[in-house]
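What follows is a group of structures, each given as structure tokens.
Two complexes follow with subunit A in common, the first pairing it with subunit B and the second with subunit C.
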Partner chain A sequence: MNQITKEMRDLARELLASGEVKGLIGWTKGSRWYLTPPLFITRPEEAEQLYFDQFAVNNLTGLLLDYRYGDDKIALFVKGCDSRGIVRLLQDHQIKREKVLVIGVPCMGMSDKKAVTDPRQPVELPLLDKCLECRYPNPVIADRLIGGALVSGEPSEPKGLTASEAAKRGVGSKQADRFAQVKAIEAMSADEKYAFWQAQHEKCLRCYACRNICPACNCRECIFESDKKGWVNKSATPTDNAFFAVTRAMHVAGRCVECGECERVCPMDIPIMALNRKVIQDINELFGESDAGTDLDGKMPLGLFKNDDPEEFM
Partner chain B sequence: MQRLKAFPKAKLTAVLEMMIQKATVWVPSMIAGVSRFAPYRPGTDIQMGTNTAISPKEALFPSTEKIYKFSAYGIDGDFEPVDPSVGPQILFGLRSCDMQGILCLDDVFLTRGYVDDFYGSKREATTLITLGCVTPGADCFCASMGVNPAEHDASDAQMYDLGDAYGIIARSVKGEALVKDLMAAGLLSDTDKSQGPTADFVLKVDSEGITEKLQQMFDHPLWDELSRKCLNCGTCAYLCPTCHCFDIAEKKRNQHCGVKIKCWDTCMFSEYALMAGGHNPRPSKKERVRQRFMHKLRYFPERYGKLQCTGCGRCIAKCPVNLEITDVIKLAGEAKSDG
Partner chain C sequence: MKRIGVFVCHCGSNIANTVHCEKVAQVAKDFPGVVLSTDYKYMCSEPGQVMIQEAIREHNLDGYVVAACSPRMHEPTFRKCAARAGMNPYMVEQVNIREQCSWVHANKEKGTEKSIDLLRMGVAKVVKNEPLYSTTIPVTKRSLVIGGGIAGIQAALDIANAGYPVTLLDREHTIGGRMAQVDKTFPTLDCSACILTPKMVEAAQHPNIELMTYAEVEAVDGFVGNFDVTIRKKARYVDFDQCTGCGACTEKCPKKVPSEFEMELGMRKAIYTPFPQAVPNKPIIDAKHCRYLLDGKCGICKKVCPTGAVDYEQKDELIVERFGAIVVATGFEQFDISAYEEYGAGKIPDVITGLHLERLMNASGPTAGKIKRPSDGKVPEKIVFVKCVGSRDEAKGRPYCSKACCMYVAKHATLLKEKMPNSKSYIFYMDVRTPGKNYEEFYARTQNEYDAQYIRGRVSKIFQVGDKLIVRGEDSLLGRPVEIEADLVVLAAGMDPRGDAKDLARTLGISYDQHGWFTEAHPKLQPVETHTAGIYLAGACQGPKDIPDSVAQASAAAVKAAGLLSKPELTSEAMTALCDEAICSGCGLCQSICPYKSIEIKSINERYHGQMRQRRVSNVNQGLCQGCGACTVACPSGAMNLKGFTNDQILAEVDALCQR
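Moving on to the complex of A and B:
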């Protein structure tokens, strides 16, 4: 068992035994070596099931939405990218600060299970692109820290017990490529762009995995759950799917915390982050550079009016 | 005994080119980075090696389908039916799990006193050609669900993987016609080879007695625990070869006319069981997750005498939180019944 896992279990046991929290969300080892899915526990003896390794990729913060109307205090573990989801939920007034206990963990970078060739044979796998592009490997907010993790609200190098491992694995080594896909699509002609997105939107099943894992998708009732307004319906045609994709991207505009979970969970491999990043790039150009979900007290560019805001369309 | 007929794998496109003269041929293909069954055209990127990421049910049960057109001006209303039928089509290279999935869909749409024309007309027009599976994928567990990966006797024709060739035998009148055409085109020859054994499965689960066990587990706390991590997305259901729920909606052109459509729906969605008046009998994740697994492993077997999971493993491969039906079967099997 690795040191982070040990600290995780010790702290979880303590928090649940003392009654400080009613439930705790972490990760556990899955059915195969390359799976470390989410786990929700309520009893101290269940702490033994917790586990952390380079496959604990799930951002757990969206699961807090299940408890937003309850009175129970819930603890959860966050990596750097996940922690921005906590800020998102707090800024959107979805959770109360005193009802969540945030435990920061250091991150060694998450491996890409799509690269698995033999499900029986553990091997070193390449990092997920989102980890290569990572700028916030350390939690931006935390009440407790394990594994030597350090809180940092600014882009930073990986810290804590796994710092050297993270550096060796290449966490953040492709930060400069963060907008590479956006630039590539922008370079296409209008017809090429249309063909590209049409092929992507044709695939969409409308399963809403992207929406349901997203900490920024926190509406009590999503417009796509109701066809009463007559704007949208369940039909999965390229046009309706494009309408969903663009609506979703615009609705998380300025609020997307770039955890990349939407794209990771898409069963059809639609490059959802390309759309999110395009919006982020535009916001950066229009309102100055900012990173959503990194500063709890900061104002979001689209949630703030300034007299010198650009008004190109007026 | 008659010898097995076969064609070399190198002649696959020739075989498909011949077949598309008479029918639309759905083949496992790579489309925009995702493998799925799609109508074959010259140049199609064919993927015979592993099963498709998307189940072939969309050939018989499309995700969105028009039901009828309507118009209403005051008290004058008019309906215009939409013909749901398709021309002759072949589903080529189905794995046993997906063939079994079609048998489940047959039960739902064609039996118990009502034939769904949208499904039935397509099913009638379809010839099913199965392909023996010798290398199960990482998430496959069909053998645990009583499905034989090597062959399936419900198809119209069965193909066998002979290494550098595909063996083929006819199992029905439709299948015989097809094999006859291939013979006439000189594409088949006799072979002494036979398909090798199917490799061992990574995933295995003992599903014996699961239906009876679940009959005593409706109020079991297991559902609470299992559902905690579920996102209630529709990935599992939409990739599943047997999930068959649909919703009826309308697309209005204006306030007077439009089209009624049926489109895939899933018990995972919060609004799925929502009733007029606002009551929801499945208000939380617990009830929805329970419904999904109860339907597959208990209600469906009770009604149709077969499990509604064929072990294709697609839900396991793509579940964002790894809520795996094999784990559910295992945990339910080990749980203390609440009855």
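Moving on to the complex of A and C:
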């Protein structure tokens, strides 16, 4: 058992036993060596099930939405990327600050389980692209810290117990490539772009996994499940899928925290982050560089009226 | 299905030349819901409107579409027309087949086709229109005028004379503004103070005017008819109730500082009134220079004051007052000549600006009206004027004309010749612009009778040689360089917006252009209104102006303000945003993006899993909302809808367009 897992269990036991929190969301070792899925516990003795390794990739923050109208205080573990989701939910007033206890963990970079060839044979796996491009390996917000994690609201180097491992594995080594895919698609002709996206949208199953995992997708009622006819259609045709994809991207515009979970959970490997990144790139160009979900008191560029806002269209 | 009428207007030949109006009306008969479709030469004319009203009654219409000019032109006409026939005015849609079709197209077949498409969209939308109702809001019958220059004074007097209380606010501790600094006024050459000070006194003594000098607007909340204005009354350190204005303190004060009023050509004390005719004519202490307030040593003014009015303990005071209307008259600043390196960047003492010369000419100025140049007090003989300094100069970020300089330079040249018959004025100009009553005649006299020499061309460099100033330029009419050895150079510095104009604009929620001049609601038809209802503009804060223009605009703004205050109550906008609380997630994006501060988050109680829970939702103040729609696009959940432009209505239009 690794040190972080040990500290996790100790803290969880303490928090649940003292009654400081009513529930706790973390990760547990799954049925296979490359699975470390989310775990929800309410009793101190369940803390033994907690586990942390390079497969604890799930961003747990979206799960807090299940408790947004409750009275219970919930604790959850966050890696750097996940922690921006907490800021998202707080800024969107979906959770109350006093109803959540954020525990920051250091991150060694998450492995890409799509590279698994033999489920019975543990091997060293490459890092997820999002970890190679990672700029926020340390939590941006936390009430407690374990594993030597440090809070940092700015892009930073990996800190804590796993710092050297993260560096060795190449966490953040491809930060500069963050917009590479956007640039590649932008370089296509209009017809090529259309063909590219049409091919992607044809694959979409409308399973809504991307929406469900997303901390920015926190509407009470998703428009794609409403009975409003007209604007949106539930059928999984290429046209309607394209409409869904663009609507989703614009829905999280200025609010996407770049955790990359939408793309990771997509069963059809649709490059969802390319669309999110395109929007982020445009916002940066129009309103100046900013990273959503890194500053709790920061103003969102698209959520602010200024008299000197550009008005080219008027 | 609703019963819809369609009325296609020819607008004489404006539309009919490029659109087969009869055909458009004919085709519209088959649109879903349409029970009547017809065309007419002038729909907005009395017979046209009667025709619509009769059709509403005869065909029992639920709504109608008029295909005509822009709604900006005649929407109110057609809404009122509906109301007269007993139909809710918001059951009318106007389709623009003039500005957006006939005027911009030449092909009649294509124009007709496009008109049909636009009309189909309009019909699809009106079917989804709902009756909308305005509410009424009360009006606080009191006005605030920000800025006590000639524009502010005039506006305050006019509103006060119309019978409404006015608070006239000035950040300086006297009213009078720029005009008080001016010596004589063109084109009549009457003394500026002689015509200004009676107005200052009248404003001070008017029973309907409350003077609030040495005060600034800190925050503005509320909306048309009910603005809650937070005002900072700055500490004067002199109790005005006790001060008699005897002047003993000013006389004895040991601290001298350059006088802002005298353009730093003269000195003032740390406790001072800026000029003899100041209103109120009582001194204040300049805390930045007062020895007592800085070091705790001195206290002479307190000792000599016979009434004990000096109070070093005074603090700024914040008050909140409610006003129905606001007139903004904050004026201008003179362009800072330090931007012109080639003209000495303001560092050559004898290169001065127009306002400096005003003070040198003024009998109560630092030289008692004798023209003495700042460096050595010598009386200048050759004077060079350079026009368009900080005006019409793209390189300095001032592409606009400052409007008053041509005339004030002519005035200066005339007055200099009168004061010093042996002097000679040379005036470098780009163009001479004299559009105003008796302006051109004045300019002609300056040349013919007062011997001013106008040289068309730019000055490239001004530098000192001995006690002379060498002005190097070009005479572009003769096409050759000129060099003049001058004793004094006057730069006709243009007008700049106030340095903090943009901050005030944000506080008030009004817009400004790229330079910082406040923007009127319409450059021709609404020149004194702003886009924010209840806030009006007067004088140079809206753009460079001379005194006659400022006064005229001030009276216009006053009429608008008084007109607003005369209403028993105001009708609020009916097309406002509405939040669907069932969908609203309470994120508050709409609140931060709302330019009118009309959205608040409220808490609602809701049953959730068998228990009562509180939940945040947005609440639109229907009186404040101006229907701009910013919140509807910002809302991530689509909970915000704009009445009259609902998502459903827009979708219906898009669908209709796709059905061709």
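In this section, the second predicted complex is superposed on the first by the 312 of 314 C-alpha atoms of A that agree within 3 Å, B and C clash if a C-alpha of one lies under 4 Å from a C-alpha of the other, contacts with A are read in each partner's own complex, and residues count from 1 in each chain.
As a working rule, contacts are C-beta pairs under 8 Å (C-beta built on N, C-alpha and C of every residue); 3 or more make two chains touch, one makes a residue touch a chain.
Since this is a predicted model, take the numbers as computed values, not measurements.
Student: Between subunit B and subunit C, positioned on subunit A by superposition, is the outcome a clash or a fit?
Tutor: These partners fit in the superposed model.
Student: With both structures fitted on chain A, tell me whether subunit B or subunit C touches more of subunit A's residues.
Tutor: B
Student: Could you look at A:L127 and tell me whether it touches subunit B, subunit C, both or neither (first, second, both, neither)?
Tutor: neither
Student: Is A:L302 contacted by the first partner subunit B, the second partner subunit C, both or neither?
Tutor: After superposition on chain A, A:L302 lies in contact with subunit C alone.
Student: Just to be sure I read the superposition right, which of the two partners does A:S31 touch: subunit B = first, subunit C = second, or both, or neither?
Tutor: Only subunit B; A:S31 stays clear of subunit C.
Student: Go through the superposed model and pick first if A:Y69 touches only subunit B, second if only subunit C, both, or neither.
Tutor: It touches subunit C, and subunit B stays clear.
Student: Can A:C219 be said to touch subunit B (first), subunit C (second), both, or neither?
Tutor: Second partner only.
Student: After superposition on the shared chain, which partner residues are touched by A:G230: those of subunit B (first), subunit C (second), both, or neither?
Tutor: Both partners.
Student: Rounded to the nearest Å, state the minimum C-alpha distance from subunit B to subunit C in the superposed three-chain model.
Tutor: After superposing on chain A, subunit B and subunit C come no closer than 6 Å at C-alpha.
Student: Counting contacts the way the document defines them, which residues of subunit A are shared by the two interfaces, the one with subunit B and the one with subunit C?
Tutor: Common to the two interfaces on subunit A: residues 230.
Student: What residues on subunit A touch subunit C, complex-wise?
Tutor: So the residues of subunit A in touch with subunit C come to 69, 91-94, 216, 218-221, 223, 230-231, 251-252, 255, 299-300, 302-308.
Student: Could you list, by residue number, the parts of subunit C that touch subunit A in their complex?
Tutor: 502, 505-506, 509-512, 582-589, 592-595, 601, 608-609, 613, 615-616, 630, 634, 636-638, 647-648, 651, 655
Student: Which residues, counting only subunit B, touch subunit A once they are in their complex?
Tutor: That would be residues 31-34, 53-54, 63-64, 138, 202-203, 225, 228-229, 231-235, 237-239, 247, 249-252, 261, 263-265, 269-271, 285, 318, 320-324, 326-327 of subunit B.
Student: Using the touch definition from the top, list the residues of subunit A that touch subunit B in their complex.
Tutor: Touch residues, subunit A against subunit B: 30-32, 35, 37-40, 58, 62-63, 66, 116, 119-120, 199-200, 202-203, 205-209, 211-213, 225-227, 230, 233-237, 261, 264-265, 267-269.
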